[in-house]
Amino acid sequence: MSSTDDVALVDHHCHGLLRTDPSPDEFRVLATESDRLTPDGTETLDSPFGLGIQRFCAPLLDLPRHAGVESYLDRRAELGRETVDRRLMAATGTGRLLIDSGSLMSPLLSPREMEDGLGIPADEIVRLEHVAETVARTATAASFADDVRAALQEADAAGAVGWKSIIAYRYGLDIRPDPPTATQVTEAAGRWLAGCEASGRYRLEDPVLLHFLIWAAIPFGKPIQFHAGYGDSDIELFRADPSRATRFFAATVDSGASFTLLHCYPFVREAAVLSQVFPHVYCDVGSVTHFLGPSAGTVVRQVMEIAPFSKVLYSSDAHAISEEYLVSALAWRRETGRLLDEWIADDWLTADHAERIAADIGAGNAVRLYRLQAASTGSR
Amino acid sequence: MSSTDDVALVDHHCHGLLRTDPSPDEFRVLATESDRLTPDGTETLDSPFGLGIQRFCAPLLDLPRHAGVESYLDRRAELGRETVDRRLMAATGTGRLLIDSGSLMSPLLSPREMEDGLGIPADEIVRLEHVAETVARTATAASFADDVRAALQEADAAGAVGWKSIIAYRYGLDIRPDPPTATQVTEAAGRWLAGCEASGRYRLEDPVLLHFLIWAAIPFGKPIQFHAGYGDSDIELFRADPSRATRFFAATVDSGASFTLLHCYPFVREAAVLSQVFPHVYCDVGSVTHFLGPSAGTVVRQVMEIAPFSKVLYSSDAHAISEEYLVSALAWRRETGRLLDEWIADDWLTADHAERIAADIGAGNAVRLYRLQAASTGSR
Amino acid sequence: MSSTDDVALVDHHCHGLLRTDPSPDEFRVLATESDRLTPDGTETLDSPFGLGIQRFCAPLLDLPRHAGVESYLDRRAELGRETVDRRLMAATGTGRLLIDSGSLMSPLLSPREMEDGLGIPADEIVRLEHVAETVARTATAASFADDVRAALQEADAAGAVGWKSIIAYRYGLDIRPDPPTATQVTEAAGRWLAGCEASGRYRLEDPVLLHFLIWAAIPFGKPIQFHAGYGDSDIELFRADPSRATRFFAATVDSGASFTLLHCYPFVREAAVLSQVFPHVYCDVGSVTHFLGPSAGTVVRQVMEIAPFSKVLYSSDAHAISEEYLVSALAWRRETGRLLDEWIADDWLTADHAERIAADIGAGNAVRLYRLQAASTGSR
């Protein structure tokens, strides 16, 4: 595991931490992709991720391993989120955070607050649907497309390092290979905006506009992140298979944009194949590095089956609670290190080569792809 | 493996045993999900499950391990099914059987006969399509819905502990999130009943009626089992992906009903995700615990990747031949035990906690979910 | 691994080798399923298959293991393709090659040239779409069906041992269970031929004609190979799931034809289930035996989970460069040997039985299925 210990991780997709201390049950629900507790008489944290919290986080809160869920939640409340977050985040060894700032859950820290509070350089990933839903409050059907482009221009100028699309949630990954026409966009915007005004609800689900957003982001030449596979109860997994976007990737191979497939569980192999077949497609296994707890090695191994080593990225997809950052980071280090150690032992590559692969996946590939400043690329 | 040895299993989904001794070729075909032998010149039992039979069952019939297929079938015939079934069933360590009584293959023992003959308490799971196909022989289009409801009422009063839907076979798991209307049901019943009378064939494939049955069962508040994934040659696997039912699960989260996803191969990860995301969804890996023979550990490990430990159930899905009960039970004990032992060795949890997880999956979760009598929950 | 060392492999699906030495970048691209290099600043061969080349091939070109990509490509050019191919092919231990002669990449050696140049007996697999695209240059709408049948008759008489369909690329594996009518074929041929003449491009994508080709091949009673799963950037993975063809397999179970599912990644489990459920369906994991490099064992293990041992075949799917033949052959031997050794150690079967299974999968099943001459079935 020496090969991964020294990497200062670039976490290319994560979210902000909570601004306030969660109640025990809020914490339990945040530690799943559900919006509910498990049935009466059961403990929601009796789960693989729950084991990860006990194993990796309890000792950092001065508890013995396996202290138990109640003791852990008591101690967390006693220390308070700032102390907990500072301890756990420091132990991740993260050198840089690329933060999706468009999460719908409001009381999360912004990229700037994360950087200031934790001392870890942080960049912003702008969520396309969030841009559209903001623009919608002032746009007309006729101005919508230009207003979106202007908002993206502004985010680009302000230093956003990439974009995020959640079309997987809102429509699925059957992304068409050609952009909608200006007329189609105007018509769709008219329909959607009228509905928003009538209902007071600005949630974008129109497929024309979801497609338009992606095509509006492409000319900036910055990476576009696609949620793929596993996520909260909104997602229909079979529609979130990234291979459904194959024709789209074929159509954009010379567009100058790159695409990163996030999470991907249980379509990790599909994502890795796409990252082999298309030079502008990358993949990661964020979120399942922590949600799988003791089994995180299975997804780390799947993504390493067929993807070129230059196309795999590290992310935690951590959200709200620092336990997700820590368990993901330690699981990635352990499991990638174990796999590379096995390969070295079986003479597939040299220790030097393994070290380079670990450094590329943990940081270097993201630095190159997102054109990050050299300052963030050092080792721990 | 100490953690699983003591659990008196609750087999929450299985079928009855044969009433008569099978011929050698009948046995071979029953030991697959095919309705044919493998090609001429090959041995159908030269398969993973065939290895499991030799390994676990041959010694219980006084044969050496690896006695060979012919010797095994000879010895089985010599002892006769009653002796074989008694020996193999006793070795499973099963404390309770929940038996789907609607299998189309007629000469299977009923739950009552299973309990009386084997001394293992048995409850009935009522197959919804079987109810409809029975009701169809006397119903009219106008009476169909009420007749079905009355039949379910009767089964409920008679002590059925749950329901089983095979909509995956007859239509696929694209289950709509809203119930059909009374008018739609009456119209569909009219069409179907007319076809039944004309053809003399009472096989329900109408999607409206298949949906109606599920919605008719929901108000009873008892668990509804869904066949998912692997099954006989009738199933189109890609249509049997349980994630296709996501919107249905979202729509029924407050209905009071629970749903159990059976088998799930090769969609075990999809099923486990659904059981994390929805509090009323459970999963198992029945049937592939025996059909995978030496590889059964792969599915046991998949289901433990992301599912909360309170949402995983044990079933054998055994059918007709007691070899399926035995190989499934021993494989589950071995492989769950090995996995938990690895987790203990790697300090993910304590031995006590592992024991509780094993007891919950092997029995406790089913006892809670199906509200079984305490009498059946003791250890072996 | 003793169980696999002695098997003279029958490679039931592969392609010809290059006729000319590739440039370094041509080699890099051939070592993927992409038609592009990875992004600037990265090495395309920094991949799992790249590790396999360094591990298994470098020593045979008199280099140390892990000599590095540049050194390997230099040495390959220095020795020249004939020497390289002779050395690597000899080390595969292949006893017979069944070569798909319809690859679109023109400068590949024919089956006859492969046999003459390498001294390995070679048979031809005729690609159905290639036949149609050749016939199209002279056929009329009215003559098309008969012209195709005549061309198949000729290929059959000339000793073709089987057929290959790439309907997965051109349409997907949603193969209908019934053949198109003569009228439908004539109409579709008329449309397609008119388009070919107008464009000068003879690429068959018409679903009616793609289906017709399969039904035209069935009466010959020889195996028909289906591309399934992973392939070049043309494939949409989710459409290449072999379970989509379930109704077709059910409809052809008594047709006298057999079907082999090639590659199958990441649908190996789906393919293995189909080969259990249908007596005339077989499966392999060709191409991913080399593209997965150190992880090839995962697919070897998946295909052995549920398939009867008589229904699994060996293929390399190697194409153009002899590194693919060699890495696939050695990976198959290592990983199948390891798995069987583990099963022996865990007492699932005897060493003799393991040896028979290895011989069946490596050669015997293909000899029986393709009715190959006994001459090719000896051990190495």
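Each chain carries a letter (A, B and C) given by its place in the written order, and its residues are counted from 1.
By definition in this document, a residue touches a chain if its C-beta (ideal position, glycine included) is under 8 Å from a C-beta of that chain, and two chains touch if they have at least 3 such contacts.
These figures come from a predicted structure and were not determined experimentally.
K.L.:
Considering only which chains touch which, label the overall pattern as line, ring, star, complete or other.
P.N.:
If you draw each chain as a dot and join those that touch, every dot ends up joined to every other.
K.L.:
In terms of residue numbering, is the interface formed by subunit A and subunit B classified as same (over half shared) or different (under half shared)?
P.N.:
different
K.L.:
Using CA atom averages as chain centres, what separation in Å is found between subunit A and subunit B?
P.N.:
Each chain reduced to its C-alpha mean, subunit A and subunit B end up 37 Å apart.
K.L.:
Please output the residue numbers of subunit B that touch at least 2 other chains, ranges allowed.
P.N.:
none
K.L.:
Of all residues in subunit B, which touch subunit A in the complex?
P.N.:
241, 243-244, 246-247, 250, 253, 269-270, 273, 276-280, 301, 304-311, 342-343, 346-350, 353, 357, 368
K.L.:
Taking the touch rule as given, give the residues of subunit A at its contact with subunit B in the complex, in rising order.
P.N.:
32-34, 36-39, 41-44, 46-48, 51-52, 54-55, 65-66, 230, 232-233, 235-238, 265-266, 288, 291-295, 298
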